[in-house]
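The data blocks that follow each hold one structure.
Two complexes, one shared chain (chain A), two partners (chain B, chain C).
And then the complex of A and B:
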């Protein structure tokens, strides 16, 4: 990028730098005798755990990093050697294989947990994953049971249930660390989180512009990382201030993520990490920009108004826990995607169905039906995996992607209405 | 003005030549084999010879099929999904649904009246229910691929084949043979299994009265019969059905030729013979 632009590349580079430092702090934690907590991304309660000085390890992030750094295959095979079925989630097998290979990840040495907090219960496999880790490490496991959003309205009883469990967790953390819970610190961190969330929403919503300055899928996966892993820290807020400057600069100078924007799509489902670059290129060559995505909401539906609130610390954390994308029932998901197609003026919907993740893929065939038949929104359905490099057939994916955009290109040429989203 | 479409499939490579009035001047079909680039060159030369013209008379070539980027002398590449749609709409103007069963994939395509792709669905990564599945079934029964379709029509009582997996179907067929079941009854079950899977795929894009069946497997009368039985209607099956992708590609090539997009380059496969 030209020197004339001050902020271009900030979002990617600063994120990489901060994550690098985070992994370094993690490798040093055992030597310093500092406690480590393992938890999941969706609905994580980072600020509550850092209150007690816990370092945070997200096994999903480790699996994702192994995928993108192309070391996942060997760990998955290792887990299969241990008896895990080919049908078990690739993230889980990657982590189990990593653990049995001395926890030497491409990002550094991962410390063992002093506490495991299973904070995402929408996926049964995840519960079993942490049970296996607890047994292996002989570490305490706290099950934070977050009810699924099965009704359209958020149930007050559900929120009380989650808050009650958080109070139990606080008591457990005090016992484990010998430190007193510090409510002032929690409020301070949540205030920073809230500011970072505001910036993140501005970045996401910048994609409503035509052409869009930001790709809400292929770029968002990097831009969302600090909010998922470093929430509440001054670094996290600093990151989003800088990232927003990059986006503002792009808007000012008309810089887009895909060169010339030819097609605007909404993408549903996680990316294939082991083939991320190749997958992105299949879309780039058609000038496709993902203007909205559901994957960028797995760690919180902030653009739907979800915010941490220092005035209601535990209550707002409980609301956040319940409002992560895969914790929503299918009807809510469908309505969200429909709003995205309409509000972001998308030409079509791309569903990337991954074998590993039932939390995502269950119902996607129905989503496809609704969008292509009932709503008349061109919908592409493609399949691979988020972690297992073996489930990626480049020729077949490319064929489907090419055919879909050939069709859209021809429709644009003959000026047929492409999206008539009945919002 | 002559344009050509070259369809490099997983099993067979096809070429057609069209004149400016969209008449098919020549067709050629060969096995793809291991050298995909050479297969494309060979089939194109065969079509050119069959038409009695010279390579440089062909102003535009469009490649399609899995090997479309291996048509090194092509001027553009279009996926076979768009090409089958275009070809089918040309031969059967009222068709809105196309079922294409090839060597290793199956596609259901819904098109507009003008032949534009509106929606499509394909089998997942495995070759269950495709041409490869029929090849496996034929090999297990020590029959030639061409024999199994006609033989299946002589069934008395179709046997249920529960597996559409190309690997597992073998043991299922062997089990039936071991029990002394008639080959025609087994084969009817095999063809019905493919038909069932294909109809499920078509339902995903929406069934419409007029369905056109294309691709190599459409030459198998057993599949046509099983599909028609399941759908309770006749299918459009052209004698040119295996050339449908190449015809569509040829039509796209003709569009380009008529729009003057040849850039001064005539098609030539280059090199010595």
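And then the complex of A and C:
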């Protein structure tokens, strides 16, 4: 690659490298006698746990990796042998099956937890998932209860409750590790996190450009990984500085993620990890760019002003926990998608409904009604699964996707105006 | 009233697709205000203190054909959510002034949002119960949440409840729960005296009518069942588990007994037996209620059980009720029940307690396959245990 394009590929490659190193550190933790905490991505409190020297394991990330590396099927079947129903979340079954297969993941050996922190934000399945892990690993479980955003305004009582629990978690971590809580270190890490979040928002919002230099769904799932798994570390900040340089370079040279941009869409719902590449290609062949997505907000609605704040460490962490996408009530979610359609000048909305995740999927059919019938925004509704490779009908999906974009293409050819969402 | 007529009346409360008995309450002078409560437990004490009637809704059962709800909820979502939505769409729940959804699962949570958009003229409120029972901050949080709920209900009631209103509500709830507990105690001791489907109907109707009107009904039924001349049969004592939200059809409950089981404990209509002890009548009512919900609620699949897990509790329940086995009767697509099953079965296996598991849907109409499974299960216990 010429000097003019020296940052291209950085976003994908550097995160891969950093995640590889992270998994390597994880596999070495037991031999070094270092503590390991398991937690979830949505509303995670990484900086609080690394303060006590915990290595962090995210069972969702393990399940996601197994999906994309096509090993999920065997683990899911293993969990079903243990009594898990075909109708429950594939992520959970993947993780439980992996645990009962010796925790040899395609990314490396996963260490057992010294502490389970169920920071459930927006997904009640997390509770059942960690109850099972507590039983299988015989590890202590701390339930960090994050109330749902059930009213439009953020409840002060909810925030007090979350902050109070964090203080209790700090006391527990001090007891478990024998280390004192270091508030200066927390502030330092949160300052880095905040900077990384600023970069991430600049990357996301670059997709407002026409054509867009960035795909906020198919690319964002890679670009968001360091912010979810390495938050607060110097590496995390270094990653986003480099990733932003890649995006700037794309802007300068008119490089886009889909070759010629023909259609701009907003995507709602998680991707089908076991068939990620095939799914992406179904859109790429139509020159589709996802200019905004909701899945890239499950780990925090940073583009809606959410930021960690070293001046208000626990309070800002609590606000962050409550402001992850699936922790918002459906009205807030709909308004967000509507704003995305408008602000990012989208031609349509794609809803990918997955059976595994009711937290996402229940309500999506109603969202389709609102967008297609009330707002007049072309909406495609398709179904598969985020983890279970059995629920993916390639031919059927391709037909639906082709028909949708044929319709949009015809609409553009015949100069029918694309209806914009009411602001 | 004869016992048969009493049971028929109780059944009518929840099997009439037009909910005429609810509509009649609304037509009284002065009209009663009705607030729907989605399972498993909603703080009905706040509704009662506001002078309104909490109406426990358990979906459409066998009463409705799913038509409109298909356009809003996917096929992998549990029946109770779809049928409740259908009842709303077909205007059969118009007698209700609002509907409350508790934090039991992601489906119930999102359903509150669906309800809000599709029925904007009625209250639709989601109640988030604490999951961190060990936290010192859980009681203040829940008190605040109950107060938030009260603030939403008071404008509908037209009056904000005072401490005395709460105490009266608590006393009423305590009396009703006492009667239900006595019925469960009778069934644990002599299940042949009060057939499962009949006892169930009497308890379930109590969640739909004004509580003061239910008390004489359940007390009469209880008195007659206690004196029943029915004699025990050669059946197996079982605990029924997994039907805490969506309810099995009455015919399925009958099938379980006909196949040779005495259900000596269960988690049916669990919200009406949520408190394991009477609510104290002294102190700040909302704090008392918050503390009671957190510290004295029954174990269930919909709230985190703490470090001891749920397996030990199920084993204790089976032992205490001298059950010879456990029957898992789980609603299809019910995630809390299906997740718990994987862990509960381990606990039963470790203790050598036999179990049988099957799934149901509220609209199912043939039970032969389940009957055969049950009969085999019963025989295996009678012959080999």
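We adopt the following convention: the second predicted complex is superposed on the first by the 418 of 423 C-alpha atoms of A that agree within 3 Å, B and C clash if a C-alpha of one lies under 4 Å from a C-alpha of the other, contacts with A are read in each partner's own complex, and residues count from 1 in each chain.
The definition used in the following text is that a residue touches a chain if its C-beta (ideal position, glycine included) is under 8 Å from a C-beta of that chain, and two chains touch if they have at least 3 such contacts.
These figures come from a predicted structure and were not determined experimentally.
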Chain A as common anchor, with chain B and chain C clashing or fitting:
fit
Would you check which partner chain A:383 touches, where first means chain B only, second means chain C only, and both and neither mean what they say?
both
Touch test for A:411: chain B only (first), chain C only (second), both, or neither?
first
Based on the superposed arrangement, let me know which partner A:124 touches: chain B (first), chain C (second), both, or neither?
second
Under the stated touch criterion, name the partner, chain B or chain C, that contacts more residues in chain A.
C
Touch check for A:171: first (chain B), second (chain C), both, or neither?
neither
Should A:210 be classified as contacting the first partner (chain B), the second (chain C), both, or neither?
neither
First, second, both or neither for A:373, with chain B first and chain C second:
first
Classify the contacts of A:400 with the two partner chains as first (chain B alone), second (chain C alone), both, or neither.
first
Answer with first, second, both or neither: which of chain B and chain C does A:144 touch in the superposed model?
second
By how many Å are the closest C-alpha atoms of chain B and chain C apart after the superposition?
5
Which residues form the common part of the chain A surface touched by chain B and by chain C?
365, 369, 383
Across the complex, what residues on chain C touch chain A?
71-74, 76-77, 81, 103-107, 109-114, 116-118, 125-126, 128, 130-138, 140-141, 144-145, 148, 304-305, 307, 309-311, 332-333, 335-336, 338-343, 345-346
Chain B contact footprint on chain A (complex, rising order):
365, 368-369, 372-373, 378-379, 381, 383, 391, 393, 395-396, 399-400, 402-404, 406-407, 410-411, 414, 416
Contacts from chain A onto chain C in the complex sit at residues 79, 82-85, 87-89, 92, 96, 120, 123-125, 127-129, 131-132, 134-135, 140-141, 143-145, 147-148, 150-151, 155, 157-158, 160-161, 164-165, 168, 329-331, 333-334, 353, 355, 358-359, 361-366, 369-370, 383
Could you pull out which chain B residues touch chain A in their complex?
66, 78-82, 105, 112, 114, 116-122, 124-125, 204-206
